[in-house]
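In what follows, chain A forms one complex with chain B and a second complex with chain C.
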Partner chain A sequence: MLALAGICLTLFPIVPGLLWVLSPAFNSATWVELVQDGQFNSAVLSTLGSAVGSTLLALIFASLVTMWIYPGRGWSLAQKQLPLFLAFPHIAFAIGIAFLIAPSGWLARGLANLLEWGSPPQWVSIRDPYAISLTLTLAIKETWFLIWIMATLLGEQAISRQITLANSLGYSRRQVWITALFPQLLPRMGWPLVAVLAYSLSVVDMAVILGPSTPPTLAVLSWQWLTDPDDMTQAKGSAAAMCLMLLLGLLILTGRGVWWGVKKLYRNPSGIRQPGKIFKSRLLGGIPVFIPGWLSLAILLLWSVAGGWFFPKLFPASLSLKSFNNADFEPMFTALWIGIATVLIALPLTLAWLEWGSRKHHGWLYAPLILPSLPIAAAQYHVLLSINLDSTAIGVIWSHLTWTFPYMLLVLVGPYYSFDARYLCTAQALGHSRFQACLNVKWPMLIRPILAAMAVGFAVSVAQYLPTLFSGGGRFATVTTEAVALSAGGNRRVLAVQSLLQTALPLCAFMSAIVLTAWYARNRQGLK
Partner chain B sequence: MKKNLLVTAIISVAAFTNVQLAQADEKWDAIASTAKGQTVYFNAWGGSDNINKYVKWAGDEVKKRYGVNVELVKITDAGEVVKRIKTEKEAGRNEGGSVDMMWVNGENFRALKTNGLLHGPWAESIPSWEFVDTNKPVRKDFSETTDGLEAPWGTAQLTFIADKNAVAEPPRSAKELLAFASKNNGRVSYPKPPNFHGTTFLKQLLSELVSDASILAEPVNEESFASVSQPLWDYLDKLHPVSWREGKAFPANNAEMHQKLADGELKLSLTFNPNDAANLVAKEQLPPSTYSFGFTNGTIGNVHFLAIPFNAKAKEGAQVFANFLLSPEAQVRKADITVWGDPSVLDASKLTAEQQAVFNKRAPGSLTEVNPTLPEPHATWVGALETEWLKRYGSQ
Partner chain C sequence: MRTLSIKQLKLTKVDGTPLLGPLNFNIEPGQVMTLMGVSGAGKSTVLNWLIGAPQPMFSVEGEAWLCDQRIDLLPTEQRRIGILFQDDLLFPHFSVGDNLAYALPAQTKGRLARRQAIEDALDKAGLSSFYDRDPATLSGGQRARVSLLRALIAEPQALLMDEPFSKLDSTLRQQFRRFVYERISERKIPTLLVTHDAEDIPEGGKVLELHTPDSTATPSIVETSHSDVPHKITLNG
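Coming up: the complex of A and B.
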């Protein structure tokens, strides 16, 4: 009961706010204005292109990588690097990529030294009109996410045994993957793919850094319009936000339709064994997919310790720790305490829901992961405004809960529901109340997934951009808001420092989760 | 008899004035004592490190001397704050608003004033007002009278920046700029409107290209707008094909232009602060060979202001803070080129010689020449120009 109350408090107040934000969109005059606006068509095209393109590319890359290196030494090397790059915030990664491929970036400087250029080339790399750089960067980040999902799914014995079985029947790896494994994996990746699509569709911070500006993607355009003083422009912003939600629905239906069509077409696979290559477990195979990540990190580190560094020098003329000394650590501390507070509130909610909540009807809790974040953030602001809690710490923490809670739920739900129920039974039979049994037996045994969920929740809270801006009224500057604000600015050193601080926070969270688990399990064989 | 009458008259006038002054002093004392302990949320453009540091210094001083806490809320465009105050008013939030003081001018001030979103008048009742140079255009903001609803903070003038090694002879008019862009294909651009630097660049071009510049001082007329602004669109149609990315994309703001100038991707950059380039050279963000310049016939200049919203929680604290920001000590430090370099609004003759000397400090990169200041067009031109620009070039 308490669980339900907690959830309701967190999520339901958004609904009236959402209605209020979207209400101007129910007026047909708004839609007429919207369609007539010159920026709308190109914005929709670039948004659709980048969202669908990045999702498909991510799926293809992840599939190719998994096919190529699973399950050898390359795979375990990849697994070791995954946590680092999953924790690498989107924005920091995008900023690093921008430093790399910009006309005055590292790549161009390398070429300039080779080809003797005096000025930066007239490339169109970042902020290109077709959103290609945005699509590719999103694709790379999401490839890592999808590889992680695939790793979790492949960890289930039922699937990995099939490879062995099929190999023993004489089928090549490629054939096994395409005919047997992907048809099983893809449906189970349905919801993660939807989450990836929803994110790409409604991403604002990455689109500001890498996306086109004439016109921006629909999410950025909607955000700009929603913060404009003019009434009609605001209404157009609401209509654009509604448009985003409609687009998502449309794309999901299209995806389902395509999958249904594919299933119909390939109903009768032939069992003919086709020739294939011998699988060698390559160690180095685990690196290529992470190369953009390593390069991005490297350039951020270089910029943060650079003195004066002008084109076409490949390395800084002087190195200094001045940027770190003069760095403003306040945004980092703000992000830290907001994240910790959010996780500490979300954890009891999650545990309460998993323990006492309904097992079957929890799909709707994942809604914030699937809906575009812009209308939700705007809705939260209106709700907070009506109860006088806008621009307060409580308001910001509440707004972060909306996304932290579903992510923690997502991470915990698997291990929690597959926990052996007999432990609890035994504890209760010995006289403990259910709550005591959970506290003393169940939750300590689940310490590893719980700490992992807390780390994920913390990372999610640190990465929130729009909610912090809207609900905090600009008063709470976190590393994320600072990084995005500085990304269009001139001081690349400060930007690199803030990006690194932004990366350091979730990284520390993940590492402390691992260390705490190891320390807690030091005397407990069963938890190792 | 007459002498007595005269003396009585003089004494009564003096007494009356003294009473007024005493009353004003009392009022100010009341405001200052209410302000103690208040927290002022100052919403200001946060795009420059120097400005943020200066505001932090001012906040610390005000905390020490008057017990008022100042929190800087960095924003990218004053329009967002106007929207926020408007939303609060529509939601019935008439007290305890989220903004206590904001750095504003031009069309945003006009939007605030016409929608009744400002507290005041208060600007001319603060003690520091007596130092303000009223010969400067401190009572009009883009041709809109301030009516004491906002206090002048500093002056600004559109200034261009270039690198001596790349640009020996800079363009000094709109026509020369077009010729310069054609010779240096792809190396000239401006921030995308509605960024306020970009919009001011458009206003600068318009004021040079229009046949009769005085029409810009009048509110924009919808019927004649098309014909009056036509020379500007013709000019841009010629400029864009030879500008950066062929005019299909624009830098997001002037800070991005500084970065591209540093790398040689652009040959010119622009700013409102004549001493901006000096600050950037000192921070190694621009090469030491950078210099600032203006146009021969002048560039647009304006005054920027501080305003208090109608629903501010800390109205008295905001006034105390504004009073400090207008004091000679704060204004001189602000004009110090090693701190911020923003020119002062105070009457130099009311300051000490030492303070006046600070105004004459120079550093490599700052603007050394004196260019005439062109007045800002009426605030309504801003919206019209931005909308038309977005219509024509906003989507490519």
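Coming up: the complex of A and C.
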């Protein structure tokens, strides 16, 4: 019963909400209105361009980096940096990138010093009409995620031995990757790629900061329409949300079709061995992909402590903590308690599902991770509205659970299912009930992945923008909603402080998980 | 001559602790030298060094020569050494035939000619009509044979085997051993075999016993034959 409670609480209520949100889209007049809207075509093009472009670029970047540095010291170095950048919230990263590439950003300041410019150039480097800055920023952020996915796949010993084996057959490093490894890795990266594509298609927060504005991407347009008081405009928003889901389906089908064609190319290998170059040092190979992340963090830090900082100076004239002293910490505390409450509810639900739920049929629990978030957030709002829980803390926490629960499940499922069942059996044979055996033996032994899942769950909750906005009715300002709201204004110092606070929360959660695990296992070698 | 020669091989851990050596030995064409010893004695490290796989935990000094060419400085793909692991490691995205085609040198040109060469190899191994089979549908013994065929069809000048029989059951093990040794002897390939099991040692083959780093014994070579008690040859004094 407890196992099913998680599903009943987090996922089932969304189904009627989705039907409700999308029902106006089943009217042909709505579609006519949508297609005839002057913004529609450009919005679809920029959405497709940024979503497909960023997903493909992220895949190419992640593949190149892995091909270049795996295995070796460069790979270990990259692995050490990954957790920091996985915890770096999308919005904070986007704001950092905006500070870097804006006409008065660090990049322009560097060039101005070189070329002796007196004023910022007339660049349209952010919110450009072709969504190039959005595409590249999304691509870099998702590259880190895909490298992490590749790391989990490459951790298997069979893969590293296959590299040696294919090398011994006379194939160079590059050929081994292209002919033997990618065809095996890519199908296993299918769902993570769908998650990246779905995120890029429906992202609103990053698109507001970096994406085009006249017209915006389809997700932003849909969000604006869904929050409009006019019925017909709301219906158009529903149709646009459905359009996002259709685009996702279409792109998945296209991707599968392309892969089907590519697979044919691998038949009947010709046996041609192409000489590969021997690179003496691949140590630095993993660095370039993290440079935008480090620069983004550095510029956020600089702006948060900057005194006077006029163009074209590369560094502020003075440093002060004034921005921190005057900062509004309320959004941080709001995000903190919402995150803690969400994780504390999601944890028993996750453990109960893993212990007593179905092992075969749990794939669909990950649906929120591979569906566009906009229609789901709108569906949640309609459900809350119908039971008078909109704009309440319970409503906001519930809306966060929809994403926190599957993410925690995803992190825990591997270690949980590979746990040696004989430990539990031994505890039960000693006369303890299954619940007691879990409480005293299994869960303490799984403390490391459980704390890691809690940290991930907390980070996911802190990063929620649309659910907080919709379900909270605008009454709950968190670091995330605040950062997006401030991005429209001009005060870079305030924005930098909120972005850093948004980054600090998940980082603290991950560090706490590491410290607590180490403390718990301080006298127990077997837990390390 | 297709002889694999190891000269002055010394293994040291990254903290400077000596692990093995100096070792000198030759493996003649068609000969199988078996490398034995307890875990941690450095067997796999020697194998990995010979194939050119990364050795993050050890520093290795020494030279490896094959066909009068020094190979230890070459990248793996230029060494012309085949390897057989404990697992068959057939590429799952290829069919059985494509796994072999991947290894078959490009000198055999044309789709039909390449297919014929592979069909012939499969026939001789008792695997006729396996060309289009998915490797996942093969039995353990069949997979092991395809894996060996793949290593041999690439025409290696030497062969390394890392416990290739350990995952097979006893009957299959005997059959596969015979299958492997027949082909090695037929093609005159110098072979280095790493194993824990003395039954894997071929008749008349040489055995190199490695000792743990704290042992005072020096690595030694033992020659075996069908009936005689093996006699020992000390390599390094």
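Just so it is clear, the second predicted complex is superposed on the first by the 519 of 528 C-alpha atoms of A that agree within 3 Å, B and C clash if a C-alpha of one lies under 4 Å from a C-alpha of the other, contacts with A are read in each partner's own complex, and residues count from 1 in each chain.
Keep in mind that, in the parts below, a contact is a pair of C-beta atoms (placed from the backbone, for glycine too) under 8 Å apart; a residue touches a chain by one contact, two chains touch by 3 or more.
This is a predicted model, so every value here is computed, not measured.
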item: Of chain B and chain C, the chain that contacts the larger number of chain A residues; value: B
item: Contacts of A:386 with chain B and chain C, given as first, second, both or neither; value: first
item: Partner chain(s) touched by A:273 [first = chain B, second = chain C, both, neither]; value: second
item: Touching partner for A:215 - first (chain B), second (chain C), both, neither; value: first
item: First, second, both or neither for A:491, with chain B first and chain C second; value: first
item: Touching partner for A:162 - first (chain B), second (chain C), both, neither; value: second
item: First (chain B), second (chain C), both or neither touched by A:524; value: neither
item: Complex contact set, residues of chain C against chain A; value: 51-54, 56, 75-83, 85, 87, 89, 91-95, 98, 101-106, 108, 111, 114-115, 150-151, 154, 156
item: Residue ranges of chain A touching chain B (in the complex, touch as defined); value: 38-39, 41-43, 103-104, 118-120, 122, 124, 127-129, 212-215, 227-229, 234, 307-308, 310-311, 382, 385-386, 388, 390-391, 473-475, 477, 485, 488-492, 494
item: Chain A contact footprint on chain B (complex, rising order); value: 41, 43, 46-47, 49, 71, 73-76, 79-80, 82-84, 86-88, 91, 93, 96, 98, 108, 111, 186-187, 192, 245, 248-253, 255-256, 258-260, 262-265, 280, 283-285, 287, 390-391, 393-396
item: Chain A residues touching chain C - in the complex, by the definition given at the top; value: 71-73, 158, 161-162, 164-173, 179-180, 183-184, 263, 266-273, 276, 278
